[in-house]
Amino acid sequence: METVAFNVEELRNDFPILSKKFNGKTLAYLDNAATSQKPRQVIKAICDFYEGYNANIHRGVYEIEEKATMKYERTREATSRFIGAESAEQIIFTRNTTESINLVAKTWGASNIRKGDKIVVSLLEHHSNVVPWQVLAKEKGALLEYINLKEDSTIDLDDFKEKIAGAKLLAITQASNVLGTLVPVKQMTSIAHQEGCTVLVDGAQSAPHMPVSMTDIGCDFFAFSSHKMLGPTGVGVLYGKREILDAMPPYNLGGDMISEVHKWDVTWNELPWKFEAGTSNIADVIAYYHAIEYLQRLGMERVREHEKSLTKYALKRLSEIKGLRYYGPDDIEMRGGIISFTLGDVHPHDIASILSREAIAIRSGYHCAQPLHEELSLGGTARASFYIYNTEEEVDRLAEALNEVRKVFAK
Amino acid sequence: METVAFNVEELRNDFPILSKKFNGKTLAYLDNAATSQKPRQVIKAICDFYEGYNANIHRGVYEIEEKATMKYERTREATSRFIGAESAEQIIFTRNTTESINLVAKTWGASNIRKGDKIVVSLLEHHSNVVPWQVLAKEKGALLEYINLKEDSTIDLDDFKEKIAGAKLLAITQASNVLGTLVPVKQMTSIAHQEGCTVLVDGAQSAPHMPVSMTDIGCDFFAFSSHKMLGPTGVGVLYGKREILDAMPPYNLGGDMISEVHKWDVTWNELPWKFEAGTSNIADVIAYYHAIEYLQRLGMERVREHEKSLTKYALKRLSEIKGLRYYGPDDIEMRGGIISFTLGDVHPHDIASILSREAIAIRSGYHCAQPLHEELSLGGTARASFYIYNTEEEVDRLAEALNEVRKVFAK
Amino acid sequence: MSDEIYKEIILDHYKNPHNFHKLKDPDFKAEDTNPLCGDHVEFSVKLQDGRVSEVGFIGRGCAISQAAASILTDLVQGKTIEELQKMEKEDLLEAMGNPDLGPVRIKCAMLSFKTLKLGLYSYLSSKSSHT
Amino acid sequence: MSDEIYKEIILDHYKNPHNFHKLKDPDFKAEDTNPLCGDHVEFSVKLQDGRVSEVGFIGRGCAISQAAASILTDLVQGKTIEELQKMEKEDLLEAMGNPDLGPVRIKCAMLSFKTLKLGLYSYLSSKSSHT
């Protein structure tokens, strides 16, 4: 695939929402860890489908149905290439990262985790990569262990090595959605595999922002969401090693995921369809192709570079604000483009509400990572998170507005 | 809601795909039982979201996020009114009918079905309303029973009354996607309830085509898909009685469906969010509102009337074709706008392929109802199915093309 | 800076909350948390001759939730139990100057209202079952 | 009526399939079903001096699957085992007149091809393990 120049001002033109006015101001969208904005290429693909070849897939033999089937499967190929998977059959489309992880917990987990087994997660995990394991552990009488963090907000690898001994599953995020911390999942996977431990990597915050490669990381499962990487809502991805997926029982049961159904028994379809029951989110999977293509043309290395330099600038600007404290690694090599912070004792919701009047969108609360907030004794944080279309000028607006917030709430 | 005149020629203008040419011909889309086409109002709503207020919902406090949250929840209210539910909290958004049914099987089913219990389905069921119960029955050592059909393709109510005695669950479709048969689910629910039996109704083929009311039918669960009723792919609905939903454990676990998460335990969120884990298919749920509104403005009574008269005409036209045999009730009051047929010994796939060259889209195969085909000793059928935008002229084109098929394959 | 949410009255009450204390020997207490934001309020109420004679609250959280609690204590002071029962959400919002709260932030404002109402109901029902 | 799929050659083979019978004492047999359409084919093959000396098929299903099977029997007649091994999907499609099959219908055409190939491989591997 040919790459194009990484020109932020130019690529902003591809995002219709960024040229709209809110309260007379351009939107500074800094909530990309929650969901990203979408380029017109993606939006257009949805319209093109519904206006030109909307049909159900995989079963019919008329023209538009065949086109829809081909485009749907094309996204699978592209996704497979994007994450450096061995083959397209190992790409399963779900609704979101959460469903991808639950699919593993309810199928692989239910048939492989037994009483006394150890499941290891980290303190960085999003609820979606905690709760399924918490509940599975309770159901099975298994143990759940949390890998600690070091002072600098990175994974404590000594603690990891201790806890991984004899573990059955490591479920770990590649990038924290609160602290921005990047996790050395390749190194950890190789250590876990020496213990005979299966590894699931939550790529929700990594796949959109940096190059990832399944054959390089070597993990057994990898989960992420289209909506956080320029694609539509309603599409998630689960990658799995082929032997493991083959051995797994299916999740949802019904149309499309079966091969034959008789009154008293049924045979499952082949990979990947075994895991895709009922009518898929056809339009959005088809449109997701254009999100992947968009990112690939920019080049994931350059996406990472852009975010790195923006994050560096933002950390500098934010640290100039009185009473502001940000969390996560100081070392820019160890963090993604996510900055969580507090501002004196101003409640994060109040910060976000006031920023909203300035058309600056940030998030506030626990960011679905309550255990981490409890560990750090934080009531909640405000969070700014960046993507390809964000600029230093937007960071400046953020810093100015935060200074205003400080004034409004000065006692 | 104000209704508008039901003028087919006019409303066809709302469907962009119907004015496109395929092989130089207008598309005669007769595969509505698989998925429906979408009006521009629905397509536009998706674009408007992505171009104007795309944001993740339920957590943030900035302007576009609040707008997205309100519009998302507005669809829930509208869906609730559309099916005459008691309250909006009883509407759960899933991916499709299949997931709605699986959700019930894996949560309610897993905790309520025990060894020796009886689950009753009918021979009319789609795989999505068979396989989850087949597998649950095997897991639990429960019994699965099939209600027979009468000669006229309607449910054998005597057989039903026998089989329902002592049953724990009745899982039944309201309209067959093969024979078109309409099922008296209200009457059956009331009989099942006298037995203390829980009732799930598969509304995938009824909710799009006729008025349905939960308080009238009285069923405990009701499942259907947006994509079969003018709405986007990727959105399904599960309705449930409140006490039952309240008592059910959640399905997917993770973000949004929890109230509090600590290192070792978790509390679930309230209805309906308890069942909606991770980032929802926000854009499509928001757009689904416009599908419901479109249907309501036409009036579901009139949708049903239109399809009835078209089906009547089609049955007449098709019965004039030599060698053609159609299945399902002759009585138009007992059937929806779905006609499955065979044409001599021409294979249904060959029929569909040849019709495709004429820009006529029909389906062929088992239509995800293999047990029914086996019962009727059918290798497969061709199926034409109608919706609001279909016309007698399209039926004429179908009839003509079928006559041609007959000639091509004459031995 | 436009701040239709953060009206002067809200900022005033947030910075200097009224009745910010716990009563000794209250007739009833009521506390609740909004798990989404961690907002917390706890009310203590004394009654005399069927009227609120004294009311206090403690809590922590965002400006909206804490200002709402403070304003609510002023609002219920001296009210009869009947008047308390009849009190509507809108009464509190009006006392707050009808700030332009969205669907998410309104929950912050309503935390106090719901907590106090629930406390009252459970007090009344426990009393009626005792007599 | 345009019918780029249903070329004359396909309709001819469908209406009058060649080699439509089961061989007695074949060297190997192979059968398979496409569950999607219920298409079924069963091949029986006799070899002599490393060549296909006789081949037959029976089956039922759509015109594409049945014509493909018939055409395939003509195609392999007299071929060496090596030639059979080297045979590609495209060879069959070409013999069928390169009909414009979509992604779904192509499976109908390929059923025969896959079935015969699989039968050949399992025959060869069973032979090699016997010697």
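For clarity, chains are labelled A, B, C and D in written order, and residue numbers in each chain start from 1.
Convention: a residue touches a chain if its C-beta (ideal position, glycine included) is under 8 Å from a C-beta of that chain, and two chains touch if they have at least 3 such contacts.
From a predicted model like this one, the values you see are computed outputs, not experimental measurements.
Student: What are the chains that chain A and chain D both touch?
Tutor: Under the touch definition, chain A and chain D have B as mutual neighbours.
Student: Which chain lies the greatest distance away from chain C when centres are computed from Cα atoms alone?
Tutor: Between chain C and the rest, the longest centre separation is with D.
Student: So what's the Cα centroid distance for chain A and chain C, whole Å?
Tutor: Each chain's C-alpha centroid was found; their separation is 39 Å.
Student: How far is the middle of chain C from the middle of chain D, if each middle is the mean of its Cα atoms, in Å?
Tutor: Chain centroid spacing, chain C to chain D, equals 80 Å.
Student: Using mean C-alpha positions as chain centres, tell me how far chain B is from chain C in Å, no decimals.
Tutor: The separation of the two C-alpha centroids amounts to 47 Å.
Student: Can you list every residue of chain A that touches 2 or more other chains, as numbers and ranges?
Tutor: 23, 59-61, 63, 65, 260, 349, 353, 364-365, in rising order.
Student: List, in ascending order, every residue of chain D touching at least 2 other chains.
Tutor: 36, 105 - these are the residues of chain D that touch more than one other chain.
Student: Answer with line, ring, star, complete or other to describe the graph linking chains that touch.
Tutor: Contact pattern: none of line, ring, star or complete.
Student: By the document's touch rule, what are all the touching chain pairs in this structure?
Tutor: A-B, A-C, A-D, B-C, B-D
Student: With touch defined as at the start, can you tell me which chain C residues reach chain A in the complex?
Tutor: Residues of chain C touching chain A: 1-6, 11, 14-15, 36-39, 60-64, 105, 108.
Student: Enumerate the contact residues on chain B facing chain A in the complex.
Tutor: 16-17, 20, 22-23, 27, 31, 34-35, 37-38, 42-43, 46-47, 50-56, 59-65, 95-99, 101-102, 105-106, 126-132, 134-135, 144, 146, 225, 227, 232-236, 251-256, 258, 260-266, 277-284, 349, 352-353, 355-356, 359-365, 368, 370-371, 374-375
Student: Would you pull the chain A residues touching chain C in the complex into a rising list?
Tutor: Contacts found on chain A: 23, 346-350, 353-354, 357-358, 364-366, 379-380, 401, 404, 408-409, 411.
Student: Residue numbers of chain B touching chain C in their complex, please.
Tutor: Counting only chain B, the residues touching chain C are 58-61, 63, 65-66, 69-70, 73, 259-260, 267.
Student: What does chain C use to touch chain B in their complex?
Tutor: 35-36, 102-105
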